[in-house]
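I'd like to ask you about the structure that follows.
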Amino acid sequence: MLEAVIFFLLAGLAVAAGVAILLSTSIVRMAYWLITMLIAVGGLYFLLGAYFVGVIQILVYVGGVAVLLVFGVMLTSRQLAPKLRPGRGEVVWLALVGFVLLEALTLSILHTRWQQNAMAPANSVGEIGRSLLGEFLGPFELVSVLLLVAMLGAAYLARPKVPTQGPQHAKGTTVP
Amino acid sequence: MKEIELQYRHPPDLLDDGEIPSDIRTEELVLNMGPQHPSTHGVLRVVLQTDGELVLGATPYMGYLHRCAEKIAEKVTYRQFTPYTDRLDYLAAMNNNLGFALAVEKLGGIEVPPRADYLRVIFAELNRIASHLMATGSYGLDMGAFTPLVYCFREREWIMDLFEAACGARLTYSYITIGGVREDVPEGWGDKCREFLDYFEPKIAEYNDLLSFNHIFINRTGNVGICPPELAVAYGLTGPCLRGSGLAWDLRKATPYCRYHELDFDIPVGHGENGAVGDCWDRYFVRVQEMVQSVRIIRQALDKLADGPVQAKVPRVVKLPAGEVYYEVENPRGQLGFHLVSDGGTSPYRLKIRGPSFCNLSVLPVLAPNCLLADIAALLGSIDVVMGEVDR
Amino acid sequence: MMPYAFIIAWLLPLVGFVVLVFRGRRIGEPRSGYLAAGLMLTAAAISLVGATRWVIGHPASLNVSTPWLRLGSQWINFGVHIDSLTIVMFTMVTVVASCIFIYSIGYMQGDPRFPRFFTYLSLFGFSMLGLILADSLIGLFIFWELVGLCSYFLIGFWFEKTSASNAAKKAFIVNRVGDCLFLIGIATMLGTTGVVSLESVFNQVRQGAFAGHGGLLTFAGICLFFGAVGKSAQFPLHVWLPDAMEGPTPVSALIHAATMVAAGVYLVGRIFPLLTPTALLFVAYIGAITLIGSALIAIVMTDIKRVLAYSTISQLGYMILALGVGGWAAGLFHLITHACFKALLFLGSGSVIHGCHGEQDIRKMGQLHRKMPITSITFLIATLAIAGVPLLSGFYSKDAILASALGFTWTHRVHGLLFILPAVAAAITAFYMLRLYLLTFWTQARDEHVHHHAHESPKVMWVPLAVLAVLTVFIGWGGKMPERHSLGEGRYQYEGGRGLVGLIAEAQPQWAVSWQMQEAGHPSVSDVSREEADAEAAHEEHGFHLMAMAIATSAMLAGVLMAWLVYSKELISAGKATQVLAPVHKLLWNKFYFDELYRATFVAGILLLASFGKWFDRVVLDGLADGSARWMARLAFFSGLTLDNRGVDGLVNGAARLALVGGNLVRKAQTGRVRNYILALTTGGAVIVLVFVWIW
Amino acid sequence: MMGLTPYLILSAILLVLGIAIVISKRNAIAMLIGVEFILNAATLNLVAFSRHGIGGLSGQTAALFVIVLAAAEAVVALAIFLNFYHTIATVDIDQGDQLKG
Amino acid sequence: MNQTANIKPQTPLGQAMFVCERPKVEYRGLSLKIVQLATKWGPIGIPLLLRFAWGIFFAALVFVIAFVWVVGRFINPLLPWFVRDVVVVVGLLAFVSIVAIIGIWGERKVSGRIQSRLGPMRTGAWHGWAQSLADGLKFVQKEDLIPQDADKPLFRLAPYVALVPAFCAYLAIPFGVGWVFHDSDVGLLFVLAMLAIEVLGVIMGGWASNSKWSLYGAMREGCQLVSYEIPMGLSLVAAVAWLGSLSLVELGRAQDGGWWSWLLFQNPFLFAAFFTYYIASLASCKRSPFDLPEGESELVAGFHTEYSGFRFVMFFFAEYMGMFAVSAVATVIFLGGWNSPVPGLASPLWFVIKSTFLVWVQMWVRWTLPRIRIDQVMHACVKYLLPFTLLLFVGSSLWQLYDNPDHRLFEGFAAVVRFGLGCLGLLLLGLYFAGAAYGFYHRNQLVGQMVRKHLPGA
């Protein structure tokens, strides 16, 4: 019973976050609503017994990506940022498509009979580790390469265009 | 001299659909290192144009501590003006008084008894040590190390006690008056002074361990705010700032006054051990070495302290002959100059005071660009500005 | 061999016509006349020879027919039917025509269009002979029209005179009215019986072609009779004949006295078996009305040719009456005799006019018998003949007519008028003929100028007069009406006929349709029952003949006396009489206002119709035409500018613009904004998901 | 015991919200946030399935991969966006329609 | 001042002095109530409280310990499960707040001692122990201002977002064998995650207070997070890889073989890993050389410049909780947590001692070293610390690979190394205590007798 309550609480929080983002115009608010959503979903993972995924979610997403986004917000937000609102026609069309999609998905979900076999035991991190390096070794290596590429790409893209002289002394400081 | 022009690019108008220049800096922020700021040593306001952490331009604003000292000088008799000189560079009041007194004496042709001279030297150097202690301590504070300040103040307290014993005041002494010294030091003062010097000598090494040679400190100050000698001369830097850039120019040696020529001391100069010549570390370290030299001077002066009158015969209301004089004194922060024009009346016709900090501060806009925000604090601390002198 | 001789005789005038048409002008004045007259004389000779051979050989009837034209699936034959009536008519026409041809050579002397006159006369001769020989109603109708055409040409010969051209047009139009009804009649006959030649028609009728439609046969008969009314200037359609006098006198003589007008009576004679009793009664009454009316008008006429014209109309009335009352041979015999003396009268008046240099008003003439003795004598003979003086041809034929009329009225007491009117008219005829003769030849010369110039006409003119006078005198002699014996079933047998009358009576039809009708079990077509008709036909022959002769001569004498009193003795002054009977005189002078009547009704109607037509044409048709024209213009304009510009160009440019607009539209889709693309993406996704959901 | 469907429905809602955000927001970072929403919806599904026995453990490892990749994607996206910001001084995505037809 | 007098105040020189009405500040909210209460009961209550201060303090301490012991022993099995959780949470909350309070007081005393001054002496009886209480009281009654066009909701939320995760970190930290709220097998990561969230609170606070300086503070915090988190994680991973489990309890239990079984001394790489972790943890809770987010000298007070009143206290609490949490993790993983140096005497006390010692070291470092510039921080963490920790991780895993029976030779060498490191640790500890003794012995000379002479009541 408690689990259901918690589930609806967290689900409610996540959805509320989504809706709040839709409605709000200040980008900072949106960023923080995203963070609440991420934490809510993390909580849901805990609820589902996937502790490792939950923690990774919070660590990687909230700790990393969210902060990155907040950085993006701060770098680009100007005091007098104009309120960017979507056009009216777009909103109406979007609402329509959104409802249709939602309706379709929920209908499909409700109609199919999921094979409800036994609840998997809350597995330990070790098994995930083993499967990560066993069954999923291929993807694991690929992801590592991808991350490297992404890092290089991002670094290259975000390099300072204007050759800032940088503080004269910055060159060649050495830390023992 | 590389012309360092202020690269300031206006942010493009949002709605302007025109051609967008290719290299747009990120958002530029204008910061107000306002009058109330922990690292501005008094009411100095610096407007910074920053691009993220990088500072593009700094323009100091002054005038927050302006008390019209020079105008008042015209209304006030010479003697009455002495207390005002204390408040010019409130950290080195003795030297200010000395400067003013020497200027008047030079114009008035007043002869000062030798004991007064030596007393003047002793008190000036003690005041220099106190002011340098203040500078190094607060510089540490700027760098984020809180402990050195406390240690420096510990010794400064001792000096303050000595001053208090001598002239009853801890900060604004107005002890050195026209014609000599207000009153003689109590006896045993010299022994107390020697006791202090013996105690103080090893402490300087302690500061060096604590702050000067601290690796983080060196990182924060080395190669920051490098002021080449030519730039220093061009902007009229004087005092530790000038000597930090490697120029050994000290009025006490260059144009010795009140018996400095008889004393033996040497002028510390920045050699750029930890970074370039003329960087913040050099200016800081020059001050530390000057403290050592001051101790030597005081010791020699104490030894030469002969008995005799401390006050020359000067009428209560000093009347100077019409004429003008410009007399400079080596203040802990640089050359403090008094340009006295008298029309023969009891009060000067016009008194122009050259504050060393004023000139030293002028180099900030030149050194600031391309520094980081934290370096500004370091730079400002190394220049060691006292607003009293700047605003007068 | 016999019929071919008549065919050759028939074609000679055609040859003359063709030669004169092409070489008329080159042949010149007198020689064209000689050519035409010569050809006509040879034709006359051939017909006389043929007549004698016929009288000797007594063949029943000769038929020669050749397939002529194909009407739908049926071949129509054009043939020649020769019987005793044809022979008599053929000879009468050719003889009279040759006399007139010769006379006109003299009369037309000096006329600029001399050859053309003889061209028309030859054509007339050919068509009149063809009419007589034709064996079928259609053949007859063709020559009927040709004759009308020739009368139009000849009346309007001096077309410079507007009155002549109007008269020609009037004659032709009135004839056309009659011809229309005639054509309707032919059409119904052809329609119902399906055959063309008269013999076969009679057989069909006898076999009951008109079994169910008695009325239709009557109607057809009346329509055919109306053809005759038009051609023979009977009561309703008689107005053209007096005006036809505008033509040269020989024309009047030939066409309006002897031949063409006779054609109507000949037609009635030919189709006599078809006429039902009602039709016959109708014919009789038309004849009676015509004869009394025109006789009264002739009294007041002052122009020689007008008086003769009206006398011709009344004599034709007599012939129609005779046929109407059943006296078939009497009517046709009167036709022959009338042809002779009427031609003589006209040629006489012609020589008088010729002598008086174109003066036609009898009030300006007088005392011309001295100036023109031969003309006056021949004129006197003709006048007496027409008046019905015994021993002249007129007396015999008029007497026969009155006898048959008396027989008819005796049995049908209700139709008493049919005898009284002819008797009275006989007296009036005698009166106005003598008035004419006296005023022209015996009263004082009322116009010196005319009197002075009067001179006797040349030999080429008075020789034909003489010939005709001789004929008028001798034709009637020795004639005797044959007896009729009923063979039952409506068939009759004739024998005992002598003389010219006998010859004509041979061709009398042997049956009457009225009997056939009753035989076929149809309600009586006539108001006389069948038995009664047989009885009356049996004994009507001989009793009435003498009574009629007595009444006729007494009427003639009364007329002569009156004329003599009024004009030669001047006991009763004509002027005073005209004042007393002023309204009557005025009525008669204006010819019973028929002209005005017709002008008021038909002419006005036609004019009205014409004006309506004009209006209709102008307003409606023009309107339509203009309107359509205007619409057409607008349409053109429309099609031109709009349709073309907008349509075609529109299409072309439209396609281009369509492409442009389409392109633009599509371009709009590429907004370059990422969000729009994603929106499109999700819409597609939503639709796909929706579809999958529905599929489940 | 919670069934599977609530989780699936929640993920569907999150997906739609994510898409809506991506589409409706004109600020580039908001779009990134939208993308994060979508990815989270996916991972939630993965974990929910693995929890309810379908696919066993691979669901969670896949979720891990998704999270890691999402991080990489966010980094690259932000780099691109900063570049965009550097060249066109606005935040508004719609300004970036140089490829307009 | 007689309001009716219409004499305009003038300066000696005769100009009309510009008189500005002092804005009447009216207190709002909690602080108003407390002020009223304090003014009402203050004069009576406080001296009473102070007199019996010590007694009250010890009574509270005894009560808490007894309460926890009783619950753990007797009520535990009987209660429905959630009561236990609630009780534990309350206990934790109490413990943490006490830690924070002592921490604050401790910091001020230590900094005093370092700076050759006494630190707070007056509040409360002995050595101003009630100073943090006084501070709390002070802060509570201060008016919590919100800058005018600040992002109000975010501004209010920031302190909580900073405080709550810091507290949540304690849910996974085992104080003793059974003494953990929830022994999940990803405990370590959970703690790290919670610390990551705390950073967001700081950034939110910095951004929301709508002043350029606080924005700089927030940005620096962000940069710092990005740079220190990886080395911190990696050094922990090196340790965890050694033992094979992420669960802190597991880790603690594995180190119960006396001080040489502590992970610190297992292999040199781990030894270095401890120090790299410790440096990174300094950065994570914004301490000493890395306290750029609130760099007083440049950014006035960094991200919490605009905060005042209770909100500032919350940030303060969050900081100290973070310090203790980070030290706790270090002790559990590297220093054997609740295991005593001598095998067998395991008890939560050891855990507290070790953690406190590490917290002390943080304080010690803070009051000696100046602040590093932000680009130097990033340089340090990314260019030097990161590769170094990677090296350690590789090294320790290779070491573990060969340190097993089938490499007899290497195993022996490993044992020797382990023993050597143990001695080295002992040596360092001894060195520290020698210094301390020397300092205590020469305290007069060091501190300087003048101080003792000059300052009254020294």
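Read from first to last, the chains carry the letters A, B, C, D and E; within each, the first residue is number 1.
Just so it is clear, contacts are C-beta pairs under 8 Å (C-beta built on N, C-alpha and C of every residue); 3 or more make two chains touch, one makes a residue touch a chain.
Keep in mind it's a predicted model, so treat the numbers as computed, not measured.
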Neighbouring chains shared between chain A and chain C, ordered by label: D
Most distant chain from chain A by Cα centroid: C
Remotest chain, chain E as reference, centres from CA atoms: C
Chain closest to the middle [Cα centroid of all protein chains]: D
By number of C-beta contact pairs, the top two chains: A-D
Approximate Å spacing (C-alpha centroids) for the pair chain A, chain E: 30
For chain C paired with chain E, centre-to-centre distance based on mean C-alpha positions, whole Å: 151
Centroid distance [mean C-alpha coordinates] between chain E and chain B, Å: 40
Chain B and chain D: spacing of chain centres that average the CA atoms, whole Å: 60
Shared interface positions of chain E, touching two or more other chains: 219, 375-376
Sequence positions of chain D contacting 2 or more other chains: 19, 23-26, 85-86
For chain A, residues contacting two or more additional chains: 52, 56, 64, 68, 71, 75-76, 82, 86, 90, 94, 101, 105, 161, 170, 173, 175
Touching residues on chain B, where the partner in the complex is chain E: 29, 31, 37-39, 52-53, 140-147, 150-151, 154, 157-158, 199, 210-211, 214, 216-217, 219-220, 372-377
Complex contacts: residues of chain E adjacent to chain A: 82, 151, 153-154, 157, 184-186, 189-190, 192-194, 196-197, 199-200, 203-204, 207, 215, 218-219, 222, 225-226, 229, 233, 244-246, 375-376, 379-380, 384
Chain E - residues contacting chain B, complex: 111, 114-117, 212-213, 216, 219, 289, 291-292, 295-300, 367-376, 448, 450-451, 454
Residues of chain A defined as touching chain D within the complex: 3-4, 7, 11, 14-15, 18-19, 21-22, 27, 30-31, 34, 37-38, 41, 44-45, 47-50, 52-53, 56-57, 60-61, 64-65, 68-69, 71-73, 75-77, 81-82, 84-86, 90-91, 94, 98, 101-102, 105-106, 109-110, 114-120, 123, 127-128, 131-132, 135-136, 139, 143, 146-147, 150-151, 153-155, 157-158, 161
For the chain D and chain C complex, residues of the former touching the latter: 19, 22-26, 31, 93-94, 96-101
